[in-house]
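Labels run A, B, C, D, E and F following the written order; every chain starts at residue 1.
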């Protein structure tokens, strides 16, 4: 049962204090040094060496932490109270000792997330570039393939590029090949843009994923996209990966690979809220690149997305019968 | 009767000159040192000590003045010519001698506006934070409660916060309690966002205001919002308060309390234009915070909103049988 | 027949390399010193002395070149492969020796474009302010009036201003008077904003152009706008002029004369793609003013528009039976 | 005799109020619509069509006005109280009806300044580009050549460029040729940078001006520069022209033609203060280009320089026996 | 005895990890929830309601925390190792429940610091505006007046302003009146700028403080300033207050009351390092206003100053015979 | 013999045209596709995977190219005319096919430079992070160790870090170990900042390099630094490596590892000019990180430094008896 929130005037709760005060953890939630006493762990993965274009997402976790302090405890649209429903902790950043070496770095990430998952913690991650989703999935989907809701301007199911199999344009082709995701329960939403490869979205399609181009989202609306996502991904545990470049560049200029003509924030927020009911077991927000932001718009919108992901995870966690 | 505008080529009119020339008054209208010869007075209220989060709106009036010089004399959508219809003057800034003391500062603002109202001038104000609307209403609604069209991401009908009854999150609960607004003729449009108080919009609802969440605006469109506003607020004098954070942060990043997923400018402009016919007796634009702006986007959009407010006031003023 | 693109992995093609590498030509296409071996020439016109407000578009070509390096070779929405369909070259900047003298400068521009047209090259231009379209049309429409699709917040069919007949607010009135465009095959899309002249759009209407205000675009949608454009402009060669200020200021803050409430990028992109089939013989993108940009949003969106213009020109060029 | 300033607590004086309040005139001095009751007139000249590189100084007067509101009434270093010593007024902007035509625009500027000088007003101008100094000198030096203290990265004594004799790189060669300045009483301080013309400073040297390169300033110090300036320019009325690009780009990034390695602000301020005693009859600050500024640093430093120029003019005005 | 630092390669120490990783505490030092196990406490005081001009320093602590992560463990110039010498902890932000009420807020600050001092912790504070120094001194100097090294563009010994005795322009007049500082052991360094009060620095001088204007610093050098400071302040406990606006605006644009012509960073750093040997018992860095910063320059320079303050405190703490 | 420059009015020379025109190559010099007809080759190396902190220097070459267009043909301080003295070409960017793999990437860089050196071309490189200097030296110093003038805030003679021997903090320790530089003819100028390694500069000192800390530069002046550099490095071919972070952060905010209190531009420019006479065989400018720049200050100052490096190379090339 969802517990009542602390009182609005309870200034002992850092989340009720003026938003410019205190050290900037995710949502001003408690920082945990260990994996105990945590139901949902928000984790930074400041890694961007999987990028083939503009980098800078290594600074994403800190910028999203800072902007997330502008958010409060209750989702005004759905009423969900994630901090009352579950013990939400900022677990700090995933530590990578060998960042210069891509394959090894991925192994380090997987190791960290295996510990998280083993502790019964639902991981909510903030990248970093999209290459981090593959090693996260290796931990989250260790028990079998998961469904996938993937919101992005790019399919990220590419082949090798410049000598590497593991870059930010290929996590999902690798994940499908490794059996970490079930293509029949996978949907990609918001794809668009120019390409070099005439078969750029071919892997996804041949693998059996549902590919929803941005034009379809615009033509039929966010409710249609959410309906399709719920229809496709239902029936088992689901992972949600939100690439900030799915948003229109006017909403998220601070990203490495912008594509004109994307989602507005109101579309994205409502789409996410309409995914309630799926059994989410993990989620990530990736590709926020603060050095390319204007003001803090991208980080703020990213934090707002992250809050919705948190709400989805909290509600799914509660639905699985868990209590904090 | 609306008089013809000055000729397009009449370079004696500062408003016809290149927009980068001259001192930046609101819309390059004449600056008035006294209250004579003025029908509509545009007034800056550079006050932001009612803020519980990010401040900076004290710089709002100057930034909006600067950007308002980009606008011209005729509303291209409605044909309204506010400067021909009424004597519009920049009355400078409301002067507050005791800014450090909130209650006293509010009394000073009320005093200033009582003089304005007594001179028969319709006030169009530029904040400053939203706490200024309460002392303005104490002057504008001295003769009895007015209707209210309130466009905002927040209801601003909160209770005390951190020891103060008069902050930027509470002008309308205070105004209702003081009998300055008639809740039955009040509508709030665009509310949304995260909250700390599970009953954040309860005061408005219990008081009898029409509360239209942002989702309803998006689902049913700006025409629906305007229809409701006209239906609710009709039947007497109306005050219009436009908080810039009603806009989507991509349209108005320069504000203290952004909420993701708001109005676009085209929705806001058309909503405002569709309010024609209401008997507006005053209006304000608040919460433009230039230190958080990117470029001058927020100030420019704010100035564009301000022009629509001016047109509504000018048309209502003419409809009441007044002539310049 | 459209040739297959070079292989995705073909790193000998600069367009396939990481986007931050190499000198920034338009789309990283080859730079041509002469007019040989070129089918479509992308040309910068860094001229902004026709401006009556904020200048800075002289820096537009370089900023658009830089951002265009983020784009790739294939249009993901339509499948068009402009670089395979035609020999696309960056022809550098149109050289103007007497920029201080407006009439003479225009003659220089016309001279340059006469050479381009004489060489059989389809010109795709990047301004510069909108005054450049007139001298370009003098070359492109030397053989007779062309149809016009003009997307803009302003009609740009004004009269004299401050002593000059040839400024950025009047290219199309001059073009109609000189018989360069056929008003019956001309459409203007997206007009809006405040005005000083109560008859601002009168010239266009009296001349017989189809004037579609922004409100009509919003009410009836981008498909309607495109349908009208195809209906009006069909039946002969067509020129397309895209003023970046047709976009909403949140999408294109970096321009000299912003008007609130314009097109979103997704509307603009889809509108342009729906113009396929018209016989385009030239196009331009104007009024990108980098000194007023925030980050690189305007230049990036401008480059994305430019790519669509290129695709339209390439397809029309192919349809006329030409092969590279 | 210098009158005492108004009391520090006298809030009736706009200059004593919080600096973010009120309309932004120069130093928050009174705005004068006519030329009466004024001893020193601060005048904006928003003209930048004399520029061969990056423009934008048309926005200089407004930006300097805004930043000048941060300054107060007394020079802390010298004790000069310019507003007590003389009636200082913001005379608004010099109005130019034919900006597109360089020679005519210059005649308009001269006409304006002749009226100012005829009214006995000492002009302190804010550009605009450096081409404005020539037409100003035509008014100020109508009675005979004046001495010149010219602080700049460039000598601005060039020849024709791109078809024009009157551009921002040549005001002082023209002024010398026209007998407006006395080369024997003229000094140029701070020159440096790359050149295209191997004889760039030859005109100055042959004309008999004292040319002090930046290296000499650095080697021998600001006192030496001031000593030389006082030695050279003494013996008659003197005009002072300060180009903001004399400052190091880290102090003044917002200018069209930056040159690395210039004056620091403390050097510039002390150099100017050490010019006391010269008989200044006019001064200008030019080349502040707000679109290229970072934050408001250049405009703020420009306003601080402008205050020193005002103090020099006020003291010289008093020394000539005038009283407000 | 100073202990050796952890090994350079010891990645268990957050301070040795890549600087973009981890939650941003001051210098990435441990965050302490209680006052135990701490020798030097770095404390944020996000309070800016004592400001009469531009606000925004409430965001100072977070911005300085973020930039302080760029610094490492050893002072390269002096060899001091503050984190080895003392247990340095980030104590979070001083909590103020009644920010709207200036006198009460100051009492809250004093209460917090009394606890800190009572725990034997040396406080190093990050503002916030300069009004915070008074309530801090009330705690630090509870046992008797302390010496003062005050580096600032302003003397901050003003009288009442706009109805308040306790604003950011008056902490040191109040502190002297209350016997918290010993004027004979107080020095103010770097004062300059325009004033409204002809006797602005009179209080300091009459009280017996050593007032060193910026010109004296420039004429005689930072060593002279440091020599004077050591001479004046010696003989007892000393408090050091560093206002970021003592720096030149090109070094610290992000502050509320900039004054042209200040200290460079190299002067400030060396001046501070030359104060070694004084018995510092507390220090603060104030007036960093991130909303006015350009990039992160002011916050970075502020963090670099903060590190020097930390080194001075650590060395003085060790000199008093304390060991971690 | 140095040839006269082209005429100032010769508009056929792109370098004489308005600076905002044309495609942005280095200094608007001709772009060479092959290695023929080139004496000095300016080369971009957009590589930043050797960075342990903030990345972004991959965008350095383009940003420096853009800003270098503001420079002209003649060094105003020394009279050197590099483009007349030698055939200077923009050779584009060094192409790296395997950027994800550090050791291999270095081999690719060395391969490219071996071709350049074999063609008799003097390389002037623009990074990229400092790790690029090692593979460049492997080509330039293939014939034996060279002298080194290294201007930097950091010694860059570190050991392994996070599993890699080849990062941007270690090129010179590796170069010394490999016999590419002669430590007895090597000098490092401007070192400073905080460290983690108490022996950070120990390698340099033990290897026999002359280490000149920033304090020594400030105490004794740029002439002293230049005298030492000429004394140390004389007697053979010399390589010059300029890290932009040697500059003060107020001069070069756009870099990954800023250190407070560095060189001013005027010090850097004069220091470099005073190195004339050394036999420079190559040079580089590294660590310009545009995503962290404010405006274009760092890139502009970088371009100004690059011009001085070019002049030194051109003069040395001429001194070796070469003619274009």
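To be clear about the criterion, contacts are C-beta pairs under 8 Å (C-beta built on N, C-alpha and C of every residue); 3 or more make two chains touch, one makes a residue touch a chain.
Predicted model only: the values in this text are computed from it and were never measured.
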Every chain in contact with both chain A and chain B is listed here as C, E
Which neighbours does chain A have in common with chain E? B, F
Which listed pair, B-D, A-E or D-F, reproduces A-B with over half its contact pairs identical? D-F
If you tally the C-beta contacts for C-D and for B-C, which one comes out higher? B-C
Separation of the C-alpha centres, chain C versus chain F, in whole Å, is 40
At least two other chains touched by the same residue of chain B: list those residues. 11, 18, 20, 54, 58-59, 97, 99, 162, 248, 250, 264, 292, 294-295
So what shape is it, when you link every pair of chains that touch: line, ring, star, complete or other? other
Inter-chain touch pairs (all): A-B, A-C, A-E, A-F, B-C, B-D, B-E, C-D, C-F, D-E, D-F, E-F
Which chain A residues qualify as touching chain F in the complex? 48-49, 54-56, 58-59, 97-102, 104, 162-164, 167, 291-292
Please give the residue numbers of chain C that touch chain B in the complex, ascending. 52-54, 159-162, 191-198, 200, 213-215, 218, 248-250, 253-254, 257-258, 260-262, 264, 292-295
For chain C, which residues are in contact with chain A within the complex? 4-5, 8-9, 11, 15-16, 18-20, 70-77, 79, 81, 248, 250-251, 264-266, 269-270, 294-297, 300-301, 304-305, 307
Which residues of chain D touch chain B in the complex? 11, 17-18, 20-25, 31, 44, 46, 58-59, 62, 65-66, 90, 92-93, 95, 97, 99
